[in-house]
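Okay, structure first, notes after.
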Amino acid sequence: MSFRERTSRILLSAPVLRLSSIITTLFGISIFVFLVLRVIPGDSIVGAFGIETGVLTPDQIAELKVYYGIDKSLPMQYLSWIQSFLSGNMGYSYSTGISVASLTAKSLPVTIELALIGTILGVVMGIAIGTFSARKPGSIRDFGGQLFGLLALAVPGFVLSTAIVTVMANKFHYFPNGYEFVRPWEDPWMNFQQMMFPGLVLGIAVAAPVMRTTRSALLETIDKDFVRTAIGKGVNSRKVQSRHILRNSLIPIVTMTGIQFGYLLGGAVIVENIFSLPGMGRQVLYAINKREYATVQSSVMIFAILFITINVITDLIYRKIDPRIKK
Amino acid sequence: MTQPLLSVTELGISTVQDPRTLVNRVSFEIMAGEAVGVVGESGSGKTLTALSILGLLPRGVAVANGSINFEGNDLTNTSLENMQKIRGSEISMVYQDPMTALNPVMKLGRQLLEVIEAHEKLDASSVARVEVALRDVGIPQVERAMESYPHEFSGGMRQRVMIAMALLLSPKLLVADEPTTALDVTIQQQILALVSEERRKRGMSMLWITHDLGVVANLVDRLIVMYAGNIVEAGTVEEIFNNPQHPYTHGLLSSLPSRSDKSRKRLTSIPGVPQKPWLVGNTCAFAPRCFKASEICTSASPKLVGTLEKSVSCFHPMGGN
Amino acid sequence: MKRDPLKPKGGFHYYLQSTSGVVGAVLLLFMVIVSICAVFGWLPHDPLEQNVLSAMKGPNSHYWFGTDEFGRDVFSRTLDGMRRSLTVSISAVSIAAFFGVILGILSGYLGRWFDQLIVRLSDVIFAFPAILLALAIVSTLGNSWFDTALAIAVVYTPIFIRVARGPVLTVKEMDYVKVTRILGFSSPRILRKHILPNVTAPIVVQIALSLSWAILTESGLSFLGLGTQPPNASLGLMVAEAQPIAVFAWWALFFPSAFITIVVVGLNLVGDGLRDALDPARRSS
C-alpha cells in the first residue's frame, strides 16, 4: 500500500471521522454559546467596577480582560475566549472573586453524583415497569405501567419536589436538605439523605422514557424469529427472556440511558435549586441572576462537553454489546 | 398395523380476536421413519399447521379445535413442561428464513450448546458433540465457527447450522418449513441432499413444507396438498405425480416446467388468486378457479375420502385408476 | 372504499377509534375553553385582586379553588395562568415548527453542504438540555412572554428540523421521485405532491408532543422566576408562591399543579392518538 493510500485510510477511518465530527460540533457549540449569550465585555467589567460587591484583584481583572478580549472585534473576542477557555481560564465570578474553574471543580461532582443517582434509580424503575408491562401487552398491568409512564412525565419535577418539601419539611419536620451540604466522603449517611429526595424526583423523570423504550424494545423483540427458534429448542422461559429477549433489547435501552444521564447533568437545575444542592445547575442559576455572563458562558460550555462525552461513551458501550457493529 | 408417530386429527387453527379460520379440519398421520411433504400456495395454511405441532403459533393465532397426537400425548393440550421436553429433542423444527432465525448477539457454539443444555447436563463431551454435528452438515473450520456470530455467515451456512441444531439430539420427527426457499438454487440442492442423507442415516420421520412440488419429489414418501386451509388431496408421491385426482393438484403439476418437454409451449398456470380460508363457507374452496366446477361445488363442501395411499376431497375427481 | 392513509383529513375517522386520542382531546379542549374564558376575562374574580380578609381560605362556594396568602382567587389565577402557559407554548411551538419544517425540508431536499450545515447546527442545540438552554437565552432576552416564547422556540426548532428532514430524505430516494425529476418536473411540484403529504403526519404528531414539553419548560422557567413576573399569574409561578404556605393551604399548590399535569397528559394522549391515526402501519402503543 502506498503512503497516500495508507494516510487516507487512516484519515478516513471511522474513529477519526467521528472524532473530527465531535470536535466540529464542540466548536459549533462554543460559537453558539458565545453568540447567544451576547457577551458585551465592556459592560461586564465596567459593571463589576461599579458594583460594590466587586472583589476582583487587579490580576484577576487583567485575566478577565484577556478572557473577554476587550477592544477586539467580535471574531477576535471569540478567539481569545476560546484560547483562554482551553488553557483553563474560564473567567471569574465577580461577586465572589473566585475563578469559574475552581467553582466548577467544587460544583461539578455534586451534579454528577446527583445525575448518577437519578439515572440509576430511573433505569432500574423504568426497566422493571417496562418489563412488567411488556409481559402482557394490552392488559390491566400494561395499562397501569403506561399510566405511570404518562404521569411521571406530566407531573413536573418542581411540583413533585415542592410537594416533597411541603410534606417532609413542613409537616414531618424531616428535611436533610435544610442543612449545609456534605460531601460523600465527609459523612456518607448524611450525604445519602441529602441526595435521596432529589434523586428520587429525577429518577421518576428518567423512569418514564426508559420504561417506554424498554417496553417497546421488548415487544418488538418478542415477535422476532430467533425467539421462536429458542422456544422451539425447548429452552425454558426464564432463559429465553434473559438470553434472547432482553439481550437483544438492550441497545435502545442503553441509548436512552445515556441520553437521560446527559440530560440530567444540565436538566437538574430546578431540583438542585429546590433542594439546595450546590451543583452546576445552581451555579448557572445564581450566575444568571447576578448577570455574571462569564460564569454562565463557561458553565454552559462545560455541560455541552460533558453531554457529548457521554454520547461517545454510550456509543462505545454498544459496540461491546452488539457484535454486528464493526469497530 | 403400527401406531403412527404423529397423528393430526381435525386440526382447526384460527385468529384469536375476531376469529377467522386459517386452517380447517386438517387430518393426517406420519409413521415412524416416514417423510411426508405438505404442498400448497401461500395462505394455504401449511406453515401454520407445521408451527402448531410444537406450539409455536404467532401471537393472535391459536389452535381452535382438533388434536395433535404424538406418542400418546395430545400436544394441543399438554403442560408447558412437557412441551419443553419434546421441543428440540423429540421433535425439532427448521424454519424458513435463516437470516432471522438465529440470535444475533449469541455465538453460534453457544446457541447449539443451548439445545443440549435444555435437555441434558452440559459436560466435556458436549462441545465435541456440537463440533461433530457442525462437521456433518458441512461447516468448514468448525472451531472458528463455534466462536462466530450469525452475521458472519451466509444464508446457506446459517441454514446448515439450523439443521445441525435441529438434529443434535436425534429427534424422532423433523419439521421443516420451506428451509430452502430463501436460498439460491445451487445451495438449495446441497441442503436437500444433506437432509435426505441425514434422514436416511437416522431413520427419522420428517414433515417437509414447501410450495415447490419439484423440490419434494425425491425427498418424501407421501404428499399432502393443501388449499385455503384444507387438505384437498393426499397420497404417495407416485400416485400424486402420476395420477393427480384433484383439479388443483393437476393444475400444480401442469405448471411445472419440464426439461424433457422441448415444445417451448407457454407454462400453464391456474387462473385466479388463492382463496382466503375464512371466506370459504359451505362450498368447495377451489370452486371459483376450477375448470370442473359445477353446482354442487358451490353448495356443499367436499370431504376427504380414500386410503393412506390415495385420498381426495373433491366432487369431481379426475378419473384414471 | 379506499382512503389514502397519508392525508390527515382522512385519518380523522381513525383518530376517533383511539381511546387515548379521544380522552386527550377532551382534556385539551377543556383547557383551551378555560383559557379562552380567561382571555375574555370571563372569570369569577380578577386574578390580581387581593382580599386580605379572605386569605388562605379553602375551596368554597365563593372561591372555588380557595384563596392564596394574598386573598387572591386561586381559580381565576389558575385559569389565567393556563392561558399564559398556552399562549407562550403555542407561540413558541408555532415559531419552532414554522422555521424547523422549512429548514428541515430544504435541508433534506437540497442536500450536500447546506444539509450538513443545518444538521450540525441542530446537533449543537440538541447538545443542551432544554431547560438549561431556555434559561440561558431568557437571561439575555428578557422576561416578557414573547421573549420566553422565543427562547423555547429556539430550543425546540431542531426537533422539527429532524422530523421534517427524515421523510424528505426517504422520499427523495424513492424511484418514483427520481423518475419525476428525470422527466423534468419542477421542484416545487415534487415538493408539493410527493414530499408534503409524507411530512405532514409526523409533523402534526410532533407539534402535539412539543406543545406538552413547551408547557413544562415554560412553567419550569416561571417557577424559577424567569418568566412571568409577579403579581401576574402563571402556573409555575403559582407553584413557587404556594410552597411556603402549602402546609396550611394545600389548594394553592394542588390546583395549578393539577392543571399543568392535565394539559400535559392531554397533549401526550392527543399525540399518541394522532400517531395511531396517521401512521399507515397503524401501530398501537
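To keep things simple, chains are lettered A, B and C as they appear, and every chain counts its residues starting from 1.
The rule is simple: contacts are C-beta pairs under 8 Å (C-beta built on N, C-alpha and C of every residue); 3 or more make two chains touch, one makes a residue touch a chain.
In this text the structure is predicted, and so the values were computed from the model without any measurement.
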item	value
Greatest separation from chain A - chain, by CA centre	B
Pair exhibiting more inter-chain C-beta contacts, A-C or A-B	A-C
Between chain B and chain C, centroid-to-centroid distance (C-alpha), Å	54
Rounded Å distance between chain A and chain C, as computed from the means of their C-alpha atoms	23
Distance from chain B to chain A - Cα centre to Cα centre, in angstrom	54
Residues of chain C whose C-beta touches two or more other chains	none
Sites on chain C touched by chain A in the complex	120-121, 123-125, 127-133, 135-137, 139-140, 212, 216, 219-220, 223-224, 226, 236, 239-240, 242-243, 246-247, 253, 257, 260-262, 264-265, 268-269, 285
Contacting residues of chain A [partner chain C, same complex]	24-25, 28-29, 32-33, 36-38, 146, 150-151, 153-159, 162-163, 165-166, 170-171, 262-267, 269-270, 273, 281, 284-285, 288, 291, 296, 300, 303-304, 307-308
Residues of chain A defined as touching chain B within the complex	222-226, 228-237, 239, 243-244, 247-248, 321-324
Partner chain A, residues of chain B touching it in the complex	54, 56, 58-59, 80, 83-89, 92-93, 95, 97, 100-106, 114-115, 117-119, 149, 151, 162, 165
